[in-house]
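One chain, chain A, appears in both complexes that follow, with chain B as partner in the first and chain C in the second.
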Partner chain A sequence: MSALKTAIKKRHTVNLFFTELIIALLFFSISGAVIFRVFVSADKKTRESMKKENAIICAQSIAEVYSETADIDKTFDIVFSDSGVVKSDTERGITLDKYCKPAADGEISLTVSELREDKASGTLSRLTLVFTSGDEEIYSLECSAYKSVGGADDE
Partner chain B sequence: MMNKSEKSHSTGMGVGYVSVMLIFAVICLMIFAVLSFKAALSNKTLNERSGEFLKQYYLADTAAKETLAKINDRAGELKGSPFFEEEFIDALGEIDGVSAESKNGGVAVSFTSPINERQEIAAELLFTSDGNYTVNKWQSCTMGDWDNTNSDIHVWDGTF
Partner chain C sequence: MKKYKNNSLTDVISTIGSMTLFLLFTGCLLMMIAVAAGTYDRINAGFDKTFGASASLRYISNKLKSADEVKIENSGKVLYLEGGGITDIIYFDKNALYEKSVSDTDEKTLDGGNKLFELSDMNVSEQMGLYQITVSHNGEKNSTFVRR
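Entry: the complex of A and B
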């Protein structure tokens, strides 16, 4: 009788062990999946914000150079060394990598369009910059430049 | 030789300690994951705000350049006139937000262009009778004076 009781207790102990093991594995696998998902989301957000940050810096560079030159081709030459620029009558396009440097196989496209307004004593030009990655717009900026006919001096 | 009480208290292979350590590791990983997500979110929010400010700044800059174009057109119409300063100041009275006064052998013109509710672009130019102008100031500055009545930061005002 005592041998039978011992055998039952032993089987009960082994069942408890396997139950605890299964519950622990289940808990760790679910937790691991949640943690992995959170890390992947954080990495995705970091990549998106890095692209946007580089696009903002590039847009500001272009806007500042354009406000001085008022010439879209000269601006591209100064900012991008005129590499890989696609030209049409009113638009310029270039492909950039994730650091907004010119790259033929880059993932970011920059499209720049210019609109000129001739005034009586000068020309006011407006530039529109649009950074896109695939079909998604990352950043856009509108800036301008004014060139007086008589010229101006900046102190 | 084991007695009966020792046999009955036998629990087989123990996994309790390992489980506790693994639970602790999972909790640590969870905290790290949440903190890294929060940092990425904060960085994204900061980038969006700086991008938004840049857009506002260049919109204000464009509006200021449109005002400059109008002023320069008036100067171009009146250049060479013997009463350039008086006529130019009268003509600028028709443009909103522009102030002008005779100064330093020319006409000093100043105007502002708001960027947002706290900042604006302030421009000062000097026009001469030949229709040319010099940009003396073109910078962003805060609007109004700083109000420290609701601030807990006590800034020293320079007096002892």
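Entry: the complex of A and C
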């Protein structure tokens, strides 16, 4: 009888230990999943911010060169050493990698469109830059350049 | 006796099951820690690469724009930016960018500057009325153009 009681007591202890272990493992698994999700989000945010930062620097370069040249083709040649894809008379496209350098299989797409307004005293050119990754817009910038008839230009 | 043997067998199986579950969980946790450490390393390296280079590019661009007169020497490694009676000397030396401010009348030497950024290389050149600033950091080259 006492041997039976000892056996039952031992079984209860083992069952209790097993239950506690399961609960502890469940708790740590859920916590681990949450922390893992945080790390994945942080990684994703870092990639996005890296792309945005590089896009901003690239846009700055294009704006500065365009304000000097007021010519979309010359701007592409100077900044990218590449003429890009000519979509129309006023639109150009180019594919860039995550560092905003020209790459045929890049993940960032840059579309540049130009609008010219001829006035009596000169030409006002407006440039719109749009950086996209997939369907999502990363960054956009509008800049302009003015070339007077006399030759002097202003931003 | 038989009952005792069965109970003993059950205990052994139960213990082995618990240990296996625990080992499985530990293995998964170690894998997760390895992945998280790898992700952290990648985040750190990406941050260092991007923001180290872009911050230095922005700093030099702003300095160039605000200077009255710019002189580029030593194959683009030294910039003399004059304005308001002060000359800012930005120079690249020993894998870092340094800056030093001296009066226009003082001797302009390339030592004793404040360390700004750690870079592998820096180069400033002039073309077609534009300054091209190129910096290299952790094997990656970044470049930007600034109007004169």
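Things to note:
Assume the second predicted complex is superposed on the first by the 145 of 155 C-alpha atoms of A that agree within 3 Å, B and C clash if a C-alpha of one lies under 4 Å from a C-alpha of the other, contacts with A are read in each partner's own complex, and residues count from 1 in each chain.
Basically, contacts are C-beta pairs under 8 Å (C-beta built on N, C-alpha and C of every residue); 3 or more make two chains touch, one makes a residue touch a chain.
Since we're looking at a predicted model, the values are computed, not measured.
In the three-chain model built by superposing on chain A, chain B and chain C fit together without any clash.
A count of residues in chain A touched by chain B and by chain C gives the higher number to B.
Once both structures are fitted onto chain A, a short way to say it is that chain B and chain C open up an angle of 70° at chain A, using Cα centres and rounding to the nearest 10. When the shared chain is aligned, chain B and chain C each come close enough to touch A:A42. Legend: residue contacts after superposition of the two complexes on their common chain; A:V86 is shown touching neither chain B nor chain C. In the superposed pair of complexes, A:L115 makes contact with neither chain B nor chain C.
When the shared chain is aligned, chain C comes close enough to touch A:F18, but chain B does not. In the superposition on chain A, contact is made by A:E53 with both chain B and chain C.
Contacts of A:F28 after superposition: both chain B and chain C are touched. In the overlay built on the shared chain, the residue A:V65 is in contact with chain C alone; chain B does not reach it.
For the pair chain B and chain C, the model built by superposing on chain A gives 8 Å as the shortest CA-CA distance. The residues of chain A shared by its contacts with chain B and with chain C are 10, 14, 17, 21, 28, 32, 35, 39, 42-43, 46, 49, 53, 56, 60, 67, 155. Listed in rising order, the residues of chain B touching chain A in the complex are 4, 7-8, 10-13, 15, 19, 22-23, 26, 29-30, 33-34, 36-37, 39-41, 43-44, 47-48, 50-51, 54-55, 58-59, 61-62, 65-66, 68-69, 72-73, 75-77, 79, 130-136, 138.
Across the complex, chain C is touched by residues 3, 7, 10-11, 14, 17-18, 21-22, 25, 28-29, 32, 35-36, 39-40, 42-43, 46-47, 49-50, 53-54, 56-57, 60-61, 64-65, 67-69, 78-79, 99, 155 of chain A.
Contacts from chain A toward chain B in the complex involve residues 2, 6, 9-10, 13-14, 16-17, 20-21, 24, 27-28, 31-32, 34-35, 38-39, 41-43, 45-46, 48-49, 52-53, 56, 59-60, 63, 67, 119-122, 124, 126, 139-146, 148-155. For chain C in complex with chain A, the touching residues are 4, 7, 10-11, 14-15, 17-18, 21-22, 25, 28-29, 32, 35-36, 39-40, 42-43, 46-47, 50-51, 54, 57-58, 61, 127-130, 140, 142-147.
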